[in-house]
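In what comes next, chain A is part of two complexes: it sits with chain B in the first one and with chain C in the second one.
Moving on to the complex of A and B:
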């Protein structure tokens, strides 16, 4: 019974240890998509712009690994991401886009202001395709291999520092 | 100059805290002379912190944009009240408020606890000084609220619009008075452990502080619950959110302490236990402050968080709580056991109360920190939600409520069970209500139905201690107990009834259409634009009727400009039998609007009950203070 006196102290030590651990390992608040490792969801989408081919599930299994970039003309970080996407395109990475909750006129303006690295652009007016991919925001980028399997999810804008890793990931997916 | 004056006051107060610490725990020659100076120092320190807080409120009132804190959290176009209250709507200001209350608590011990023996009082003030010093250092070194911005900003960034609400004026200060008021109990417990004098005199000195802090905590939690209920637009009144739990845990500990302290005061029993509870109560306050300020747990209160500051706070927390419990481990063995008591006695009932409250505290504590432990141990992420808390803590809380019917009818020491016969009527009423609930209400599980039955029983049983007494001669503190216990019944009835009977409708409707929710028929009239001092809004007009008479509700979807934020402002119609709660959502492409409508029968009883519980505490505190004052005068 006497040793019970040390029980509160032991509990305090345990709790403090757990809190120290948490401070040292801040929680990862990004929600990773459960679709990573799965085939891309089936979707069909209207073309976003005249003269630009749209994108469907079949286009993502054409034998080439590629980036699928969810973006929007109303998304400020997407503007910052545009030059990095252009660099990726220069390095030979195929990029397709899905414009989320966008309008054709705004989209056209966005592409003429910030460049157009996309081979194809699909229109996703109600975020359905985005939700099917397990993506929660824009910009978000997925690497899909030649067989249409989602290999990697990148949440948030791609920074210049992310380039080498992404290029390698695309090569590996090939 | 205003900001500099505030900063200077803080530095001075910190210097006084060092002096206080030295005088209280220094060489024995110093200590023997320290009693009087330490008291004066504590009082001056309290006044200095109050001055610093006033200066911060002043720079906020003036929207002095050369102060970083103001520039980052205020805005010149904000209504006056929220400018001033905005002083504590951010990390630094909130910590300054915390420290201010700590300083005032120290001053209050020095002024009011003169009947305590000198050594214990000095040691307690020393402990209070040690607490204050750590938090002064935290403020001055890592969270200076008065830091300047050069050149000044043109305009402030504004306050989080969710905070622009009368709730901000009321909720944080009351909660902090409760949290930090418990520091007095903590310091007195530490002081008494150091001097070895844990007795009924200590309990009597500690009781008013515990009672006062507990009243404030009760009010703060009740107000916070109502604020979240109407502001967040989810229609719930308790989410088992980590930060809510952080305020519930000190309350549970303080409630247990409040009851055990009576045993110590009246019968000189439960010495070590009471001291430990006093330490736990304030430790829980510090844990709560840490959880809110560091943002280590995912929560709706995730504003103003900073992991770096969390490290410093955690170090302070570990030091204070750790030292207190080291002291407890070393010294509590020397405390003699108090007088014994029978199994059927008021002491035993209070021990039962304490055990149940402590177990509930443990359940909440484990539920709150369990995800953290699991992730640390296995890396798995999980969250603990309402189903766990309700299923595990709920039945225990009901057992406690039944015990509340019994305890006050027992005598100290060795009670005869004679008065328990009086419980026959309430028990019968409770059983009848339970039976009716089971038969008449198909929705809801067993727990809310049992809750309704227990509430019915307690609502009558709470008044039994008055039976056979001359009402005008009954001490106020007894009235306080009766009112507080009746408040529990009221709150419990509200929780149970609203859980079982709430009707929810989530719909999309065009203006001109009608929606039925529960007994209400609601006509969706129109949506029109409107504007306030720093927001614009779309406002729906809903005309609600049940039978006769029409109530107009105007829920809004608000757009704040600084910072740009969308909020929903629910519109609530309160009637005797409950609340009609309406929220305007987003428009759909086809001209329909999302509407969320709830009919929540008896939901107001929850907060009414909370207010009654606090009122009971206030009656008891007032009664004891009055008696103390009269006794003092007779001498």
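Moving on to the complex of A and C:
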């Protein structure tokens, strides 16, 4: 029993150490989609802008691997991501967009300010398509292969450093 | 003068919100007219985790995406879908993490068994203590 005298102290020290460790290494709060590896969910969405075709499940299985970018005109990191999407388009990566909780006028302004790399843009005013993909915010980008299988989820803005990896992932998904 | 202007500008400044300017979805903050269906929706919304304020249920959260999820839940319940089907749909997309009622699977067994194990351990400690007290 004598040896157990310091047990409570040791337990407290252990708890404190665990708390300090957690403070120093905050948990990853990104929500991973469980749809990676699954076929694109069935969805229908109206076109976001006149003159720009919308996007449907069938368009995502047209034989070409592509990026599906969830974005919004009110999303500040999306502005930072725009030049990187333009570079991806330049390298021949097809990009389609899903505009989350947006208004056509705001969207038009966003695209004229930041460039428009999108082949198609679907309108998602109530986040329904976003929820169907298992996505939790903007910007988020999925790589869908030519058969319409989701291959990869990129959470947060695409940085210039992510470019080579994404280009390769799209090539691999072809 | 410059300082005063600066102060005025500061008080007028609004924070940059990471939210859209759209109003909440139709059923986000509206109850279903049918009482039993609203009760079903409410029960499900209280056990589904919000994707951004992760300690809150979508029933409690003011986040926009939580409003959109409530809208989706109410729409589906109104159209006759079962809560279990909606829960399964969400788990298929976000994993079991999305519900506050984690399904019983091997990884969660310790979680379910821990209270009983602690009770048994407590009983042993109490018994040992009472015994020594009696002996005195």
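Here, the second predicted complex is superposed on the first by the 156 of 174 C-alpha atoms of A that agree within 3 Å, B and C clash if a C-alpha of one lies under 4 Å from a C-alpha of the other, contacts with A are read in each partner's own complex, and residues count from 1 in each chain.
One rule holds in what follows: a contact is a pair of C-beta atoms (placed from the backbone, for glycine too) under 8 Å apart; a residue touches a chain by one contact, two chains touch by 3 or more.
All figures in this text were calculated on a predicted structure; none of them were measured in a lab.
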Partner chain(s) touched by A:147 [first = chain B, second = chain C, both, neither]: neither
Partner chain in contact with A:23 - chain B first, chain C second, else both or neither: first
Touched chain A residues, chain B compared with chain C: C
First (chain B), second (chain C), both or neither touched by A:12: first
First, second, both or neither for A:137, with chain B first and chain C second: second
First, second, both or neither for A:168, with chain B first and chain C second: neither
Partner chain(s) touched by A:76 [first = chain B, second = chain C, both, neither]: second
Doubly contacted residues of chain A, that is, touched by chain B and again by chain C: 29
Contacting residues of chain C [partner chain A, same complex]: 16, 18-22, 25, 51-52, 54, 64-65, 68-69, 71-72, 91-95, 97
Complex contacts: residues of chain A adjacent to chain B: 2, 5-6, 8-9, 12-13, 15-16, 18-23, 25-27, 29
Complex contacts: residues of chain B adjacent to chain A: 272, 276, 279-280, 283, 287, 290, 294, 296, 298, 307, 310-311, 314, 317-318, 321-322, 325-326, 328-329, 332-333, 369, 372-373, 376
Partner chain C, residues of chain A touching it in the complex: 29, 31-35, 41, 72, 74-76, 100-103, 106, 125-128, 130-134, 136-137
